[in-house]
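Chains here go by letter, A, B, C, D, E, F and G, matching the order in which they are written, and residues are numbered from 1 within each.
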Amino acid sequence: MTATVLVPNVVSPVVVGLFLPAVFTGITVGLIGLLAISYQKNDLHALILTDIVGIGMLIIVASVGTDLAESLVLPGLVVELAEIMAISEILMSREIRKQGKSVELFPLPLNLDMEVLTTAPVFFAVILVAYGAFLSGFTGGAIAGGGILFYVISRIARGVPSNTWEGLAGASGIAWCLWLVGFLIFFVAPDYWLLALFLSAFGVFIKVTFKASLVGVMGREEFKKE
Amino acid sequence: MKLGRIWNTLANPKRIPRFYSVIVGLVLIAGFIVPMAYDNHQLYPRPTPQLQIDEQDPFAPYDRGGAPLTEPGIVKSQYPQFAAKQGYVTGYLSPISILVSNTTLYFGTSIYSSPGGLIDEILYYSRGFDTVLESSILMMAFVVASWVALNFTMKRKED
Amino acid sequence: MDISILGGPILGIIPLGDIVLYFTPFNLFMFAAALAFTALIAISSTESQVEAEFGTLKNREVKVDKAEFKLRRFLAIVCGLATAGAMVTGDLFDFTLFVTLIGIVNIGIVAAVKEIDVLDAAFQYGLIAMIGTLPLFGGAALVLAATGTISLLQIVQIPYTTSLMAFGSILFFLGVAGETGVAPFFATKAEMFRTPGSPFLLIIHLSSLLVIVRTIEILLIINKPF
Amino acid sequence: MSSILDLITITNVSAVVLVIGTLGVIALPKPIDKVIMLSILQGGLIGTIVAAKYLDVAMAAAIFDPIATVIFLIGIIKIDEIRKKKEKEKAGEEGILA
Amino acid sequence: MYDQIFYLLYILSFVIGSIAGLVFSYKKYTEPFITRNIDLIALILAIIGWMLVLNYPLISIIPSFVTIAIGVFLIAIVIGMRPGYGRYETIIGFALAGLIWILRTVIL
Amino acid sequence: MLDIYTWFYTGVALVIIGSIGTVIGPGVNDPIIRTLNTEIPAIGLSLILLTYNSTIALLTYIAATTIISMILLRAIVRLEELGAEL
Amino acid sequence: MNLMANILLNVIISFLVGSVLLGLQRKVMARIQMRPGPPIIQHLLHTFKFFLKESAFPKTAAMPFYIAITAMLCVIWVAAVIVGPVTEGSLLLFFAIYAIHKIVEHNAGSSSGSPYGKLSCVRAVFSAAAEVPLFAVLIIIYLKTGTMILSNIVTYQNQHGALLLSIPLAALMFFVLILSKSPYSPFAITKGKDIVSGYETEHFGLLRGYLMFSESIAWYMLLWIFLTVFIGGLNPVGYLIGMVVITAFVAFINALTPILNPNHSVMTQVTLAFIGIVGSVILLLY
């Protein structure tokens, strides 16, 4: 059974009515975050607070309430995620440099003895990766990546060899190329659009997954060098 | 000279983000006063929220019509003349999706996003270039973060 | 209003679905300039700096080390390509993504220098870039809400300017200023410490100035004073 | 009478749960308590999604929420350990001084 | 478009004239700077030059651009002389030519 | 139809209360508490996305929030360990 | 006449006139300071001289870049000539060209590896922050005339009278910009004598020749834009007289003022830009 309304002519009055409250919410949240940053002396806290500013941005984008707006939320999200990651890394390295070499290189070993952590990760990771593969694309990538990441982080004891890094990074680079090829096929040979669709969807999926899981590898702090 | 002193305080990199956020904040406050007129003739409009799911559409909320591989769905894009296969991605259903949609009414999102579906149409076809950039942004962020991590955070002993 | 009173007559367009790249002499010139600089950077080595050593008569040569050089060159090339893209894109949201890409790559170029002060500058720049996503994406979304389109070639044909369009475009400008406009300030921080690697810092200044020039064109397209 | 009972729908119940969770997360001082309230908050979210009949999203949310909880737990425990260790070191130094 | 070619012609003759003047004056004078001493040849050149530039319609046989180019060349020789030389000559030449120009256009 | 408004305004309330709580809530000088508090506006945003039926964005956002909080926690733990004074 | 010949003609004209004008500026400055000063032709001769001299490249320079950047400067100013007198194109393009000029100035300094060049390049960044707002005067012109195309602006002025009279503050801003580009001006911090020759310190022979060549064209073009945009379509003699007058005026100012320190220079320019933009907008609304 299909719906009575597939694509309306104009945006529905409900969404139009919600536009102002949504934009004002976004602006208010952004304002709160910005004010907090403006008197925040601590750099780490400022970094955490930018998360709120990002939420304000996403609300404003979502307030348009069309399919286009939804697909614009996704890039906004990704940008947010990407920048927060790069910047937190820079902050850490800055502090480590500031401390000089007297700091312990190895982080504290985590002696957690929770039942959840021994059984849950594998289960969750498998489900998430499977579901992510089913979804494909960005969403799938983020979900599967989250699963792998969780798995890697909760398995602190086992070492990941140094060349895992290059392997993962390389795989995601190749996946990106797949995606580019898919994108080109769409416009160069539109007849093969299905192939292009699959290339794009799975290229982005693999790429995002591996990128997200690299966070986990990074969380290991130190590679076991061979 | 007081002006000079203010200028000097601003030259401290730590103050610039704070200063910038104050400026953005001031402009945002203006947003409460500015009259905001929403133009309801938008691209890619969608049905009223919850309308499709209330009508028990198995593809809700992303049902835009069309039959897999034969008939394109309805897409209100900006430049239909530049998209030869417009609507096909929206109308595409993978075999699994057809199976799921026949079984249950509540898995619309999954069905419509396993290659094919409206969001894929926008993200990969009509606005595909955005996605190229988006994934490049992610890639660059990872390159930066991983380089910093590899060279500064981890391999410090070799300095 | 016609777009040809701003940058000259349209010489050609490249349609990629809904995203249409257009070339006026103005866009074409900046596109070519960005590409030319990128090509130069790709083949150049960095300069080295000779400093007198204290206490002896010897000189010390400060050079960029190999790994750092490779990374910064890669990022600089990406930045140049992104700048070139931002010059010709005819889509507001595409432009914001280009600007964000430039921003994140600039952060990387600054952050690759192994000095605490420069890392600090990179971090602060990153904070601004993160805060800047709110006005950048928010402004673009508000323009979308006000006009119903984000294609510049369509916006230019709308005969009026609503207050929401003006507000959105001001936010947009602030966002661009935050993402790349402030970049020279932080890049100069690196230069003040006499860090070698001028070709890479050049691309930061280049992208920042060119993007601002292009943003002014976009502001004039959105806001019609007549 | 029935009108009051009509108010008890999944939507409204989850809204109440969400508000309780919010207040709890903000008001409770100890991180561990906060994590528990966060789980309540996320339960409210899942309830709302179910009320909107997106079962697949609810499923994903149901998987991710415990992950977030576990991550926070790991973080809290680790930071607790670090703080204790530092206090010990400090106490040790003071002991030497004394 | 011919405007621009003539314009270029004048500029070129000015530049070449200046260089010629410079070379010529360095050969002729060895002292760096002399006050109140008028060089007769320079004076004649200046007067002819300014006359040609300002009053070219008087010589209708030759096309005007040739006249002006020659005039500019002669002026440039005097102006372009080494520092300290050629100032009074230029002023006198300009004054005379200007006088004739006023006579020719304003009064007549 | 009423449901939509309930979701939306609960979301708005959560976002605003949550962000105020993140900025001036009790004990927010501890970064880990502040990060926990940012989860509230994140859930508020999820509700708003749900109202607009942006389910795919919602799905992605739920996954991304987890990753973001993971990144932030890593930074917090690491910096705490260093004893960095920012 | 075909396009190539036209371009060539205009480039030669702008180079020769620009160099002679720069020479004139030095001469006027010298006379004001009671010195005899060099001949007017001196700047041009210098340029030729550098083209004939042996070129040497510093060992520390960033190699293909260091050479290419000087050629780049030539290319962009030749492009400016094409946009300006040849095709009467868009003013926005000048904006872009000016922005790239600042970049090239910046990097000509830093690519040599010399500390003086480096200082000059840092100053170039600061001055860019001040000069780009000044260049934004073009937007005021756009608001006034409703077009960015030079030929249309000239037509507009033929109908409504010179813009110099209707938006004087904008003209003042542009004049400050011209002033800051002239050698020895109070705002010429990138070439202040405290850092030897600024970004040109390490450029010898051919490279310096390129730099001087483009400087001359740049000077000509700035004056040309000023006259075209604010006074309107002039004939060649009108342009020449206007340029000589502006150059002499600039020389007066330069002869009588010291070079400001970088901070003050930037502050002054920013203040002037602020006054100019706000004042012009108020005048326009009024």
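Structure notes:
Here is the rule we go by: contacts are C-beta pairs under 8 Å (C-beta built on N, C-alpha and C of every residue); 3 or more make two chains touch, one makes a residue touch a chain.
Keep in mind it's a predicted model, so treat the numbers as computed, not measured.
The chains in contact with chain D as well as with chain E do not exist; no chain meets both. Ranked by separation of Cα centres from chain E, the top chain is D.
Across the two interfaces under comparison, A-B and E-G, the one joined by more C-beta contacts turns out to be A-B. Here the spacing of chain C and chain E, counted between their Cα centres, is 53 Å. Our note on geometry: chain C versus chain G, Cα centroid distance of 24 Å, whole angstroms. If you average the CA atoms of chain D and of chain F, the two centres end up 11 Å from each other. Chain D and chain G have Cα centroids separated by 63 Å. Within chain A, contacts with two or more other chains are made by residues 14-15, 19, 23, 30, 34-35, 37, 43, 46-47, 53, 64-65, 68-70, 74-75, 78-86, 89-93, 96-98, 108, 135, 138-139, 143, 146, 150, 153, 186, 218, 221. Residue positions of chain D with contacts to 2 or more other chains are 52, 54, 56-57, 60, 64, 67, 71, 74, 78, 82. In chain F, the residues that reach two or more other chains under the touch definition are 1, 3-4, 51-52, 55-56, 59, 63, 66, 70, 76-77, 81, 83.
Only residues 4-8, 24-26, 29-30, 33, 36-37, 40-41, 43-50, 61, 184, 187-188, 191-192, 194, 196, 198-199, 201-202, 205-206, 209-210, 212-213, 216-217, 220, 225-226 of chain C touch chain G when the two sit together in their complex.
Remark: chain F residues 3, 6-7, 10, 13-14, 17-18, 21, 25-27, 30, 32-33, 36-37, 39-40, 43, 46-47, 50, 55, 58-59, 62-63, 65-66, 69-70, 73, 76-77, 80-81, 83 touch chain D in the complex.
On the side of chain A, the complex with chain D involves touching residues 108, 110, 112, 114, 116-117, 120, 124, 127-128, 131, 143, 146, 150, 153-154.
Listing the residues of chain D that touch chain B in their complex gives 52-57. Taken together, the chain B residues at the contact with chain A in this complex read 14, 17-19, 21-22, 24-25, 28-29, 31-32, 36, 38, 40-49, 51-52, 55-60, 63-65, 69, 73-76, 84-85, 88-89, 92, 96, 110, 113-116, 118-120, 122-125, 127-142, 144-146, 148-150, 152-154, 156-157, 159.
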